[in-house]
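The following block contains the structure, expressed as structure tokens.
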């Protein structure tokens, strides 16, 4: 009998004065989606997280504990990046350049006191990026998820799941075209919602089906 | 009786060592496309231009003289730009940073001796950009088509058609995702071929149907 | 007897909510500077222009008529550009993405009714850029001065001086480091005031001493 | 009696086909520099590292063991970044997008087998960045040192010194203007060697004199 895997996807609500957040717009479209990846059936559950330090972790870990998913992928917006970027590592620090949706702006505060400096994702990120690119959608591996709420939930997630057989990680998605159009000064990169959704579908299928990541260069010289 | 308008679209062959040029890939998909824009039926004829100073002009003006189109839109690649950018103005100078496909590299040479410094496009560029954006595809007006072969054919086209009732202009399109993926150093903007083709369709329909351009800010502070 | 040439330099007051404008900060430091360029002595007069459509032209042309300079270089800020960029061409359109210091925001309005589409600068821009670079300061030729107040005064200046033996043009300078440090989202290019001033000194000396520009590639592929 | 602190600075040799590396050009100018920072005298020793995986670590740790410095700052080039960027964290992975100077290109290989995922720098990075900015030189904190040889030596350095009372970290410096001028496609950020050297001087003085870092936002939203 094939085990049905549960995939938890999360997106954020809009922040920094924006009216929309492509991460939740994309993730909500995948709620209830199920399929049969290589070697395993899966079912997606989507949840929205508030863009707030602390409360976002409560919401995410609450869903994790309630759903006991096999795979968790948190998704957030990286305005200005031209590709779906799959994060390699979460670091143990909050350092907010702007306030969150509750007006908080922590600076150089550890996310987990005495926690390790960082956790690597346990997702097959090179295989995910390559498979998305094969669909003609721009994707790559990123070496930093920043130090705002995205990295905050990513680190907390990896810390919570340490030692457990749950694959987890974080994906940043670009602005939507209408967000880029409103960007001041100069034209900025974006991606349509259809492409983001299609890219996340591929990411889920690879995360479900691939056990061992492929060896493909995906680094940065700096 | 409705007059059938002829729309000439051109794209370039690959240059600078590339294997593909999204301008021709997109334009060729529209060859033979016909429709009924607002107030006028149209038929599209697509032609490929060589990325070569001089010869590209011969090919373009040869097609113009043979087809006697009502509208001409030349299309080229602007690698790194994140949007379909509709050019406002063509300037009377060739200044090549790289060699063309015949090994030529003119520097500060006028395209038309004693020609005016520049020609504005006669396309309704603000309406075109707005209509493309309404389809969720990133588009904007650009203040420079550069000084390479794209600007070269754009200037020659406007000079050739001066005083004639033919609307003409130039559109730059982004890299395809696979071109961006091969870009060194850092992730670079791109657009899928489907989006480029869809954007060009809208551009053609607006060029056919709109007589007077809309007043919408589309400038640059520098 | 050597004729003393008069060089008029102008800079703008701060705009778009900024507290400082590097163009005026740099230009004011050169007020009264005199020297003996190749083949000609010169004296610099500096004037500040308001960042306001219309009134900026009045101020600039008023100074031109009063001082009867041999050379005019208007200088403005191009926030985000990494180099001193010497403009090649002024185009006959105002299209403001933001309001000027008087709250005006013209869109697609000609600067000179029935004026030509554009004027090329009459400065030896390639020689100027090369000489600045030889001092270890980043410089290049730009194909667009935008469509805001910088291009506005540049076009009016060239139109006013057409046919007269006065060399004229426009130079854009980067943000100062403190402006870049305040820039949101991501690190942005800047240049120190000392470098900007040193670069403008070289620009003036070349403009005074060089009659025929050098042939050096300085174009853009798009 | 005041203890004389030893500060070890390292730079890299040129890589990726370049003729020069600003990190070594700047660091070599500080060899033998001594001063009296707040509360402590210091003397700088400069060493060049090969841009080679493995051998660079041997060279760096060999110098550390021989000199027993109180402070170690490794410096490398980050072409395209507009500021002196002081790295926050080193991560335990090599993932080379290009080959090193010995032709090696490791992908997803740990630097230290079974080492922790990352180490935070022990330098007062916020105070260093702020002090450099006060000198009118662009500086900031970076959340990623990449996954090439820079991060490689940074991680090995922090691992080697773990638990010891030695402050250590990594600083990335921009291209020099002549490197930026040779950059294809578009103008790219740079910094003069004088500014880089001046910035590193400030960095050393703060590293020597400041025990507790200041609380100043220096994060990234992504």
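Letters A, B, C and D mark the chains in the order given here, with residues in each chain numbered from 1 onward.
Here is the rule we use: contacts are C-beta pairs under 8 Å (C-beta built on N, C-alpha and C of every residue); 3 or more make two chains touch, one makes a residue touch a chain.
The structure displayed is predicted, hence computed values, not measured ones.
In this structure chain B contacts its sequence twin chain C using mostly the same residue numbers, the overlap exceeding half.
With respect to chain A, maximal separation of chain centres occurs for C (centres as means of Cα atoms).
In this assembly, the C-alpha centroid of chain A lies 46 Å from the C-alpha centroid of chain C. Each chain gets one centre point, the mean of its Cα atoms, and the points for chain B and chain C are 30 Å apart. Per-chain CA centroids place chain C at a distance of 37 Å from chain D. Residues of chain D in contact with at least two other chains: 79, 81, 97-98, 185-186, 220-221. Listing the residues of chain A that touch chain B in their complex gives 81-83, 85, 133, 136-138, 140, 176-178, 180-181, 185-190, 192-193, 195, 220-221. Within the complex formed with chain A, the chain D residues making contact are 16, 76-79, 81, 88-89, 91, 93-98, 105, 107-108, 116-120, 126, 141, 143-148, 150, 172, 213, 215-222.
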